[in-house]
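Next come two complexes, and both contain chain A; in the first it sits with chain B, in the second with chain C.
Right after this comes the complex of A and B.
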């Protein structure tokens, strides 16, 4: 029987995985939720846009160019399904939807490269129009040549804060401030790990220096308090500086994010074993160094399993494909595997350094006022989750979800899930890994009611 | 008050005209529905639970905060749907009709 191999995702990991399978003479199906290949960080603009890659991807323009060109070269050798979302798993295979047409895709092995979203910490006022994730702020610029406002504040933590702020400044929109919850002392603690990639650190320092020179206020060790605004938009953010003084910055938009959150739902539906990863303070599927999961024939690569960034995703995609080939007794040169593992170990050290330098400020969840919306789908508040924790005695997040509905809405907890778990854990007085993780359920994304099954 | 989003480049594209809540708005070819509405106004839809305006959040198909409807009741995710000439969009859910 011919092999039916599926690669889910066409970002850096999915593209390199598919490429390696093609090099072995195989013809994978590549499923891409986007209409154009590239994923998020190397997301492509629509075809009728004219900006050169240098303008979109900055220092990473050469990598973006290569990833896009290499994929175009693969096209005749793969079965590419753009605009297609995997939403479930059945006995017969993956369930995918494009528009309102559902298809079943049988597979003998699968490589999932589903990527990540921003990790979000809710905040009073964060549902006001004009508040976006950091990723969204960047996508608006990269894929639509728009900014989220004329004087945005970027607030949260992580290197993306500075990159996005710098990109906005270069596009002619000067940020009102960059507010980082990580203090300078905390950042130094991650420096050793980060120095494994001195070039990347130098880029970050360069962005910060440019912003400071242009007069953009950069504050470290801040505590976000609330977004202020009206029905028609944001008017400012209130925050506390490192010395505890109350501050307010006028702005017309907010971009926020605290590192990344792996998209792990499909691995969950395929019954992969999960473990809590203290380094990234979130649950993720368990994988061996090459991307094998606890399930035979299921492989994971990229930010959808380990948040190590785009360069690591390229190597991990290729490595997962090598693992798949080896498991099928298709020869792979040992040098290739050793080389990929080696480059991943450097990138892994760097990611560990970043996680230390820009930690997830879990303590902010415990301090959220009771009336703060945590689940933005259904407006479930921090107080509702605390009620589930105490009055209703929910010891874990799925119980709290059943009783008070955090994570029950259409996004299935993608935006609120990690913060909701922190609110619950704080209210129960237990570490966050003791309250579990939201179980994934099909359909992983909303399906139209009138969908047809493809013949 | 200006619209929520600002165009900073790529403004030489072909204009596209669509109808939103009965009013014509101008967009550009290659815009998503989200971009078209937010370069013309301040919101996409209202939240079902508190009636307050929403304007999307993640722009990558994850948060499900940007759903709009066609006049005939088809649901569209505004961040991942490209505008077309003469699209007829409404920002409030269309009541279900018996076939």
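Right after this comes the complex of A and C.
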């Protein structure tokens, strides 16, 4: 059978999807933007680095080890394309690029497991050198054995805040503070959903306790005010504590993030239907419980569609592959599907709890000073977006983008889009889903102008 | 009358379609003192008007279009005083370049022919051009330079005219899709999807690629099809390329063009066009076309090969069979006017079309020759309203 199946992404979801297809006797193409399989959470270090998994992945070392080993076992049975970025969709197939060489990959079905990035909330001073996303802070450590600074502040919200701070401490860099916009009371509201995975909650509590014991200041319910510094780097963070007192923490770097945002652009290019998900306050492709989209032969799995974390991604990847097989009349044991759906529903409750416990602080976008840069690529300020909203009467984000350029630069709104939409919605006085989402366009990542199509 | 009854709206002129042509016409009609209602299906300037390349180019045009184009160029230079903003218009010149002797000869011929029409071009050899524009590639052997042409930001121009029209007293209604147009003895009645009705004795259709269907309701058919230009933009770098650079090649794939905006990005387009869908209002950007453009862009400006493309887009444009727009009065219906189907070269003309159509509608005449653009050129049947 000349089925050409593509799996995009080789993190937990992509790996398990590919594995399940191989188990059915198929040979998928697996496209990985990274040079080595693993994705973000289970990102591998370069070949010549030799820190043990326990050191890199902590409590998740066994899972990481399994995911990497299982993938190595798959290698003879798949067409693996590392270091390759999918940037477009044409009649001829998926368009991928490595260096300046473009390949066209025809496909009869595709599973997209494109993962997520940090969700960023701009802040006065956040463009000063030394401000990183939490994900980047973690990549520096995991992949390169580097840290973002000697005394970093981790600020934002979400479980990653504590995990990264803890990983830094273990690596010998004591964070200057961990500043969380979510209050303790808010976190308690999410606890019920989170208790569906007591082990993970216990891990989180353990990270916090370790940090506190080491003397790292942990503050809840804070309001970030600004990053301070000069041309050559960060010198501190100004913030307000839960009682409204002005505080300042000296530091030489900032890691920031407010939960995650799904990387949905490829699904958008493939014309999948999107809907606003109030749980995660962002737009995402609509999927059935098994990962089927509104488009035949297009399946989604992992954090690229629903922000449920790495464990869920493994189950969702496998389930999406099962759905693909079923749709091709390849038998799948009903027990397998039932089992996967069941574990996903537990993970789903947990994710819902997390989203409640560490909510996206949309009000911060509304309160940003006019001169704060929101879109870094195009240097568009909150005031510019408000001007688009009011004087230029832009009812939705693509119009604001056309007139004032937020989201028009190198990242195409991947970093600033959600915050820009919040600024626009607040200025228009409408809920954020009413201002829409930035439309995706090729190239999904910057594409060299000296590209050649591979013969 | 109940509180929720819809109040009919009346004006001297209704304009259907708030692209560049409609918005500019609305603005200039106000300067003639006429009341105007502009009905736009989505937002002003969103389709072809907002997605085109942004060329403010006269050279290379069909010669009898130059009076209109010259008038437009004159208005481009006065945008700040007229509408309060410049839409990033940069009169930094326009060069048409070629690697072939044959195309070079054509450029020379055009430079001679356009002079009586009020357009002065300078022919240069490749070396002369490179002395003035060092970014131009070594393969270029002939260049036609139009010093007063340039480029502007298409995303800004039409909305700016829309806002200026509104400030000048025009009623600009967005998100108002026209579902029917009727005409009785005195008035046109236009109904929008939300159930509102608008009345006026004069009507202009300026609905771009959708103009054909509108004109057809008045039994005036135009051979016309929608297509999408293939546009892209690079990451920004220091502002060095001042003129618009366009290939003069008659080979479709080679016909690319580029301009650098002041903040540094290079906008490019050209080559093959894609299909466009009037129902979904979407034109396809075929990323294969972006790849096809690359080697030809590098031939114009070799340094571009070291940049990266960050975004591509397309938009729905209306192409008439003879590559000329439909502009002027209807051939059948008194009080009806057309300005649509600008075949991918309407952006430069926008302000001039607005001024000329407003003049025609308000005074019944204009000095700008419009005969070549008259809808009657496609009417095979004898007009029914022959003059007495």
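Here, the second predicted complex is superposed on the first by the 454 of 455 C-alpha atoms of A that agree within 3 Å, B and C clash if a C-alpha of one lies under 4 Å from a C-alpha of the other, contacts with A are read in each partner's own complex, and residues count from 1 in each chain.
In this text, a contact is a pair of C-beta atoms (placed from the backbone, for glycine too) under 8 Å apart; a residue touches a chain by one contact, two chains touch by 3 or more.
Remember, predicted model here, so these are calculated numbers, not experimental data.
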First (chain B), second (chain C), both or neither touched by A:51: first
Touching partner for A:448 - first (chain B), second (chain C), both, neither: both
Contacts of A:147 with chain B and chain C, given as first, second, both or neither: first
Chain A residues touched by each partner, larger count belonging to chain B or chain C: B
Chain B versus chain C as contact partner of A:173, first or second or both or neither: first
First, second, both or neither for A:392, with chain B first and chain C second: second
Which superposed partner A:409 touches (first chain B, second chain C, both, neither): both
Chain B versus chain C as contact partner of A:92, first or second or both or neither: second
Set intersection of chain A contacts, chain C complex versus chain B complex: 378, 409-410, 446, 448
Residue ranges of chain C touching chain A (in the complex, touch as defined): 43, 46, 50, 155-156, 159, 163, 234-236, 263, 285-288, 290-291, 294, 297-298, 304-313
Chain A residues touching chain C - in the complex, by the definition given at the top: 87-92, 95, 102, 378, 392-393, 395, 399, 402-403, 408-410, 412, 441-443, 446-451, 453
Of all residues in chain B, those that touch chain A in their complex: 1-2, 4-11, 13-14, 29-32, 35, 38-39, 42-43, 47, 49-50, 52-65, 67, 74-75, 80, 82
Contact set on chain A toward chain B in their complex: 33-35, 40, 45-51, 85, 117-118, 127, 129-133, 135-136, 139-141, 144-150, 171-173, 231-233, 253, 263, 376-379, 409-411, 414-415, 445-446, 448
